[in-house]
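These notes are about the structure you will find just below.
First chain written, first letter: the chains are A, B, C and D, and each begins at residue 1.
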């Protein structure tokens, strides 16, 4: 089969499995997850085939002319809207990590939802399983985890989600990309609210949905504006140099802030990204999204969906950078640089003070995405893409690892039966490294990658590249943004390393701080296998991005990655040749090692019942961090309260009750009176009697003529015959004789 | 040779005879027989017109065949009706079947 | 008077005579048998019209199926073998009169029609059964009437079963 | 052409020459010759019956381990002649209250309907009464006249057994006409022609004989035409044990002889039809000489007839509901399947290979034969499943004691 047709087929298996599971097999758990995992594996296989073919084609060549095939979808006026699939280097990279992480997470889910365990004693649909009690032959009961009640539904949802992600990756225009984007939004809503009987989960789901909606609306605006200008949304059209020129030259509608059209579009689409990948003003949904099952957190909120935002920005980077050569940055890029850098630091600080193992990861995700956005802001989209890929791997790894930890803790909780111990609170853990070694090692690898442990882990290389880009923007082009970004991200990276270390220490090191932690034990192979695989990538994924002239010594062309993604831009905007400099290297070394060191020092002997060293350190500022700078409360106080006030008072009381209802009621009253007049003066005397007359007369007529109906067919036929003859004769006379 | 008129007259006569049967016979089955005769008259007309007007097209024969099918169906249903009628009311005389009168 | 005309006259006499017997015979089975005779002579008329296929089909369908169904029905719906009393209803003379009127009217109208005395085309182009069959099933010819007829037959079959079902 | 080569045509030519010598018009000569042909064929049939009766009785006797007729003439050859003489000399009774005309019409129609079939049967390449281009349809039509004869015979003799026999006749004959016609359509569509002679000429090789292409159709046709004749195991219309002698209970003497002869001739006719439709009629080595073709024709048809007799003298009579179920639930659907499959397959084959060449014919026969095997296998499998599902025997009526001993005070059911 040609690669194009493979691309067409690529997203389909998860979709099919979604429908099959929802419609047919949802009663059968084994069948359902078999179908789902099978579909994921099939897509993975296709993806790998495509990947290999792409490598054979050679990236540069692929960049010149990507695999692409399109069909006319819906006619708009005299032009048909085309949808299609395409695969260029960026798509290849995205496809690679999406395929791997998705498959891994599918496999992981079977274990995470306790497949093969008995039904729970008092499990309800929509609540996490509470465990089932078994009595072994020796007669004493013990509690084991019970299988998820909505098992099949879960697989249906993540299948649909995988479809959305694949669609987004292979689509060759912004519209289908947006479709996949929205599908993922829906799935994230469904999956965050997967345990919909928990009020917190419900709230989180709604919150996530609403927040991302804000972004999506702006994004849709941007799409519409773009389409109205460029007349198409397919990449090859809108990224063609002439289109970009046109966009860069035309002023924005209404001269908005003196932006160019490209700038306005870029900013609008950027807001979509801000919502999707949880950048600063709209980041609030992501931590709450941790209410969902851990595989969901890993999949949506680390590996795929939030990266989709960044992916989209990288896609439209030509538009964002349209009009700005090298050196000066376009307004959207400045916005991105600011938002990204700020978010990175902001989220990192929050992450420092969290105790919930998953929330820490959530905030670190936000800050890492901030890294990418910032990198894009200074034009280093290659580094951004690179970091996107590596981050997808190690963050998925971390989430799955945390899920495995939580799972182990739940074992303990079930064992002790003390249900008010939160298995997600790091304060209750400790010393798990001996209980669950595989999880420990893989988690550590992931953590190191996140912290950017030098020279081995993937995170190091990608971050290092971002620093290098930032530095070169400052040093070579004298652009202050470069320095700003470098400093902010440096601090963020420092904190990152620190809280990663803190997390690892709290979770795994030292002695168990609770009985539950003592009774935790390793999770089944279905959960550990993905960990191992992902940790492999978490290390090696970075090696393809080692700079060619690292440490100033010429390593030949070991950097495969630049070649991959550079070809994204139209050719005339060339990448500033990035020569090696020690500053960023030193920075990243210092921040990584330093952060790790501080974390180790602070938490190396942390016992149960101690107060968190951070609290001692930060004192009064700690609660602020713990409460996430009260952003939620702020929103609650401003937006939510305001909108409630508007809907309650303005819309309901004044508008609806007073104006609309009043108007309607007057109309009704007038109409009623008018109608009664008509009834008494006109209807009753005239029409009514006329109708009665008609009816009566018909009745009388029928009564007189019913004698004709003898019920004898033959007489009827005789009458018919008579009439036929009579009328025949008549017509014949009229037509033939009288006619002449 | 035979002019078309003869066939037409024959058909008309057969039709009238069948009509008489339909109108005059008591027995429902006999009425159906009359209907059959009328259908046959129609067929004769069709075939005669085919032969005399458009012998190069098969349309006449085709429609004669349609008439065959129709009459077969008509007889099947009609006789079924008559038989079930006989089962219920022990009569097949058309005049006694007058439930539809006022 | 060519021999063909003689044959035609004989046949048409047979047709009309037997038809009259059908509608007048006091005994129903007799009239069914007369009906068979009529149908057979109509088949002969078809032969005279050089439509041999139709003739055979006439015999198959009418005599082989319809007439037998008639006899069967007659036998099923009688208590005694002989029919007693008049077989015609009260206003049979009206029926006779109007049938005659109809015949007269038809004949008159036909006689005023131009193509009345038309002579046959000298030779029928050899329309074989193959042509007929292809005309019946070829989409640019009569497949639709054909399908409709078959659906009608199916409906009649089921309907007959349902109606005559002895509950 | 010599006399030995083709006697019939020889005589015909000679006669026409003679008559035209007498100065008769060609039309008249044609008429006379036709009448002669009809006369010859009819009498051949009627006389052949005499031999057939003897043959059948002999065969049945041998199969049932008896001697059979052996008094009159050598091997009792003239037994039948004696019987016929006896029948003709018997009194010819007509029951009171019978519908005389119809009563006398019935046996004539019976013989008539059988003899009409012989008008289209090709005895040899050139010996055909009249080669209708709708021969198969014609046969069906004429067969329906036979049904009418039995029916009116039963009705007109004013006898309840006869009437019951007539009803059974209608039920059986009308319903068995369906699979018979369906299976007759198979050779028609294989030969792309309705004329019997054309059908025979279409099977001009041992491998292009239609039996190879449609064995199941052959079987269905054979069985259902046996039912059409109303012989054992389908002789319910004259089941002695149930309705004394069925529709011809009131007939005696010559009329009985005619009905009897008609039945035997019909039995032979169906074997003739079988071999004509499925075993290549007069085809055989050396059939370019019509006389040889005729010999082949006779041999084949006698073999088929032997099969008929064998079946008759071996199988017991089947119950009426079995008979109808067997037709409507087994034969008809099977015939339909076979017809459809054959049509489709033959079309495909004809589109792909040239079926006029010999290897084309071989391919065609092989394909259709394989298809038939598959159909048969599937059918057997289905029947097995069904037989396993249902209890083998369903009682139709509960036996009721006619007289009950007084102490059995429990009222009988119903």
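The definition used in the following text is that a contact is a pair of C-beta atoms (placed from the backbone, for glycine too) under 8 Å apart; a residue touches a chain by one contact, two chains touch by 3 or more.
Bear in mind that the values here come from a model prediction, so they are computed numbers and not experimental data.
**Student:** Which pair wins on C-beta contacts, C-D or B-C?
**Tutor:** Looking at contacts between chains, B-C has the larger number.
**Student:** Taking the mean of the C-alpha atoms as each chain's centre, how many Å separate chain C from chain D?
**Tutor:** 29
**Student:** Rounded to a whole Å, what is the gap between the Cα centroids of chain B and chain C?
**Tutor:** Roughly 6 Å separates the two chain centres.
**Student:** Would you kindly tell me how far, in whole Å, the mean C-alpha position of chain D lies from that of chain B?
**Tutor:** 33
**Student:** Just the number, please: Cα centre separation of chain A and chain B in whole Å.
**Tutor:** Taking the average C-alpha coordinate of chain A and of chain B, the gap between them is 75 Å.
**Student:** Using the touch definition from the top, which residues of chain C touch two or more other chains?
**Tutor:** Where chain C meets two or more other chains at a single residue, that happens at 53, 57, 65, 89, 91, 94-95, 98, 102.
**Student:** For chain D, give me the residues that contact two or more of the other chains.
**Tutor:** none
**Student:** Could you pull out the residues of chain B that touch at least 2 other chains?
**Tutor:** Residue numbers touching two or more other chains: 19, 23-24, 94-95.
**Student:** Once the touch criterion is applied, which pairs of chains come out as touching?
**Tutor:** So, checking each combination of chains, I get A-B, A-C, B-C, C-D as the touching pairs.
**Student:** Sort out for me which residues of chain B touch chain A in the complex.
**Tutor:** Residues in contact with chain A: 19, 22-24, 31, 94-95, 97-102.
**Student:** Flag every residue of chain C that touches chain B in the complex, lowest number first.
**Tutor:** Contacts found on chain C: 2, 4-5, 8, 12, 15-16, 19-20, 22-23, 28, 31-32, 35, 38-39, 42, 45-46, 48-51, 53-54, 57-58, 61-62, 65-66, 69-70, 73-74, 76-77, 83, 86-92, 94-96, 98-100, 102-103, 106-107, 110-111, 115-121, 124-125, 127, 131-132, 135-136, 141-142, 145, 149-150, 152-153, 155-157, 159-161, 163-166.
**Student:** Note which residues of chain B are touching chain C in the complex, please.
**Tutor:** Listed in rising order, the residues are 1-10, 12-21, 23-27, 29-30, 32-34, 36-37, 40, 43-44, 47-48, 50-53, 55-56, 58-59, 61-66, 68-77, 79-84, 86-87, 92, 94-95.
**Student:** For chain A, which residues are in contact with chain B within the complex?
**Tutor:** Touch residues, chain A against chain B: 706-707, 709-714, 717-718, 721.
**Student:** Note which residues of chain A are touching chain C in the complex, please.
**Tutor:** Residues in contact with chain C: 714-715, 718, 721-722, 724-725, 728-729, 732, 736.
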